[in-house]
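The structure appears right after this line, and notes come after that.
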Amino acid sequence: MSIRILYFAGLREKLGLNEESVSLPEGLGTLGELKAWLCANGREALAETPNLRFAVNQNMARETDPVLDGDEVAFFPPVTGG
Amino acid sequence: MSIRILYFAGLREKLGLNEESVSLPEGLGTLGELKAWLCANGREALAETPNLRFAVNQNMARETDPVLDGDEVAFFPPVTGG
Amino acid sequence: MNTCIRVQEADFDLSTEVAALRGDDACVGAVVSFVGLVRDTNLGDGVSSMFLEHYPGMTEKALEQIVTQAQQRWDILGARVVHRVGELAPGDQIVLVAVSSLHRGEAFAACEFIMDYLKTQAPFWKREDTPQGARWVDARESDDQAAQRWESK
Amino acid sequence: MNTCIRVQEADFDLSTEVAALRGDDACVGAVVSFVGLVRDTNLGDGVSSMFLEHYPGMTEKALEQIVTQAQQRWDILGARVVHRVGELAPGDQIVLVAVSSLHRGEAFAACEFIMDYLKTQAPFWKREDTPQGARWVDARESDDQAAQRWESK
């Protein structure tokens, strides 16, 4: 399964990475599982970000929401605009 | 006791009068009594104005508030600005 | 407190008023403003023009008291009220209330409070010209309710 | 509904935006607008400049969803959101939310609702430059609370 992943703000800076495309092993069903897999594969900053937020295909999502092949997933700290 | 009286909006038009100075008999203590005296002396429109409002010396006042010699008293319908 | 209260026949410009409210105070993080406008219809009738009467002297005093109450209730940096009087046409601006503060919650509350109290406490009266003739606008029950909300808070 | 949502580097003019929001609709009786500004101090430190990052694509979508929710909840005639991104300096305008309606209550509520949701749902992030270096601004607990208020209403 292939996923496009975007990182923003402090998390982007910590990772030194705006975005990446990853091929994931079978059996990764949720955003939480994707996050855990990324943490175990060099993206520890995800675990160190308090109140990490998720978006799937540009909609806010939760840790328990599913990830599907071809999705655009974004990880970022709580938003602070306005 | 001498009082300056102002009328506004629909009440001013009904009376055909912006303002007047009246010399009042002794014993008129409150705005309500002043209103009753005026009604009995040709200013019936005061009684016909629903929810009549009062101001004494340019502060909103109530029917039970006192009237003193030299006061500026205003009668008007509920305000509708803004 | 940067306070300004004006009653005038002339129109006003929103950006200019907000710039004056802010001044050069870089503490200001939020400005909430309200503009009230003459509508071309009221209670089902067309309104071709409007006349705004007021009680000179008391008007300014009442507005100052309302702004002072807002300052006492909320942590605001400035407030500005401009109210027009005289002849107005549909689409014309009638009133501006603008409030500045560090954070938005205070500015929203104080701006709405000032408008709600202005509507019930400041001596302005509207007369509308309609095809049925001129009529003085009646006070709205909902305006009294809006002002009363703040008393229980 | 006269809706406009823009994310841009350029500054905006409040009067121009409100005029566009009103258009030539003489039904509009009330316009409430909010302007958020860069403050020169935050959490006790001087702020010399600010950078606003966003998530292109999602930002516009999130703002549209927030405005749609506001329309569903209140009887409003128009809404306009302009949010700046990129480098900003103290005193600069960051965001405008303006809402028009027949009567003021709806415009006040919808404008504050849109701002509260923007603060917690729209993907913008602020980085401040201070004498201690650059830092990403932390989300404020009070912003979550402000947004949650609307859920019980």
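Of note:
Residue numbering begins at 1 within each chain, and the chains themselves are lettered A, B, C and D in the order written.
The rule is short, and it goes like this: a contact is a pair of C-beta atoms (placed from the backbone, for glycine too) under 8 Å apart; a residue touches a chain by one contact, two chains touch by 3 or more.
Here the structure is a predicted model, which is why all the values come from computation and not from measurement.
Judged by touch alone, the chains other than chain C, held in their current positions, sort into A, D | B. Here the chain-to-chain distance from chain A to chain C, counted in touching steps, is 2.
Separating the centre of chain C from that of chain D, both taken as means of CA atoms, is a distance of 23 Å. For this pair, chain B with chain C, the centres built from the Cα atoms lie 26 Å apart.
Centres computed as Cα averages put chain A at a distance of 72 Å from chain B. Chain B and chain D have Cα centroids lying 48 Å from one another.
Counting partner chains per residue, chain A has no residue touching two or more of them.
Within chain D, the positions touching two or more other chains are listed as 36, 115. According to the touch criterion at the top of this document, the contacting chain pairs are A-D, B-C, C-D. Chain D meets chain A in the complex at residues 36, 52-55, 57-58, 61-62, 83, 94-95, 115, 118-127, 136-140. Chain A contributes residues 6, 8-10, 13, 51, 55, 58-60, 74, 76-82 to its touches with chain D in the complex. Partner chain C is touched in their complex by these residues of chain D: 13-16, 18, 22, 24, 26-41, 90-91, 102-105, 107-108, 111-112, 115, 142, 146.
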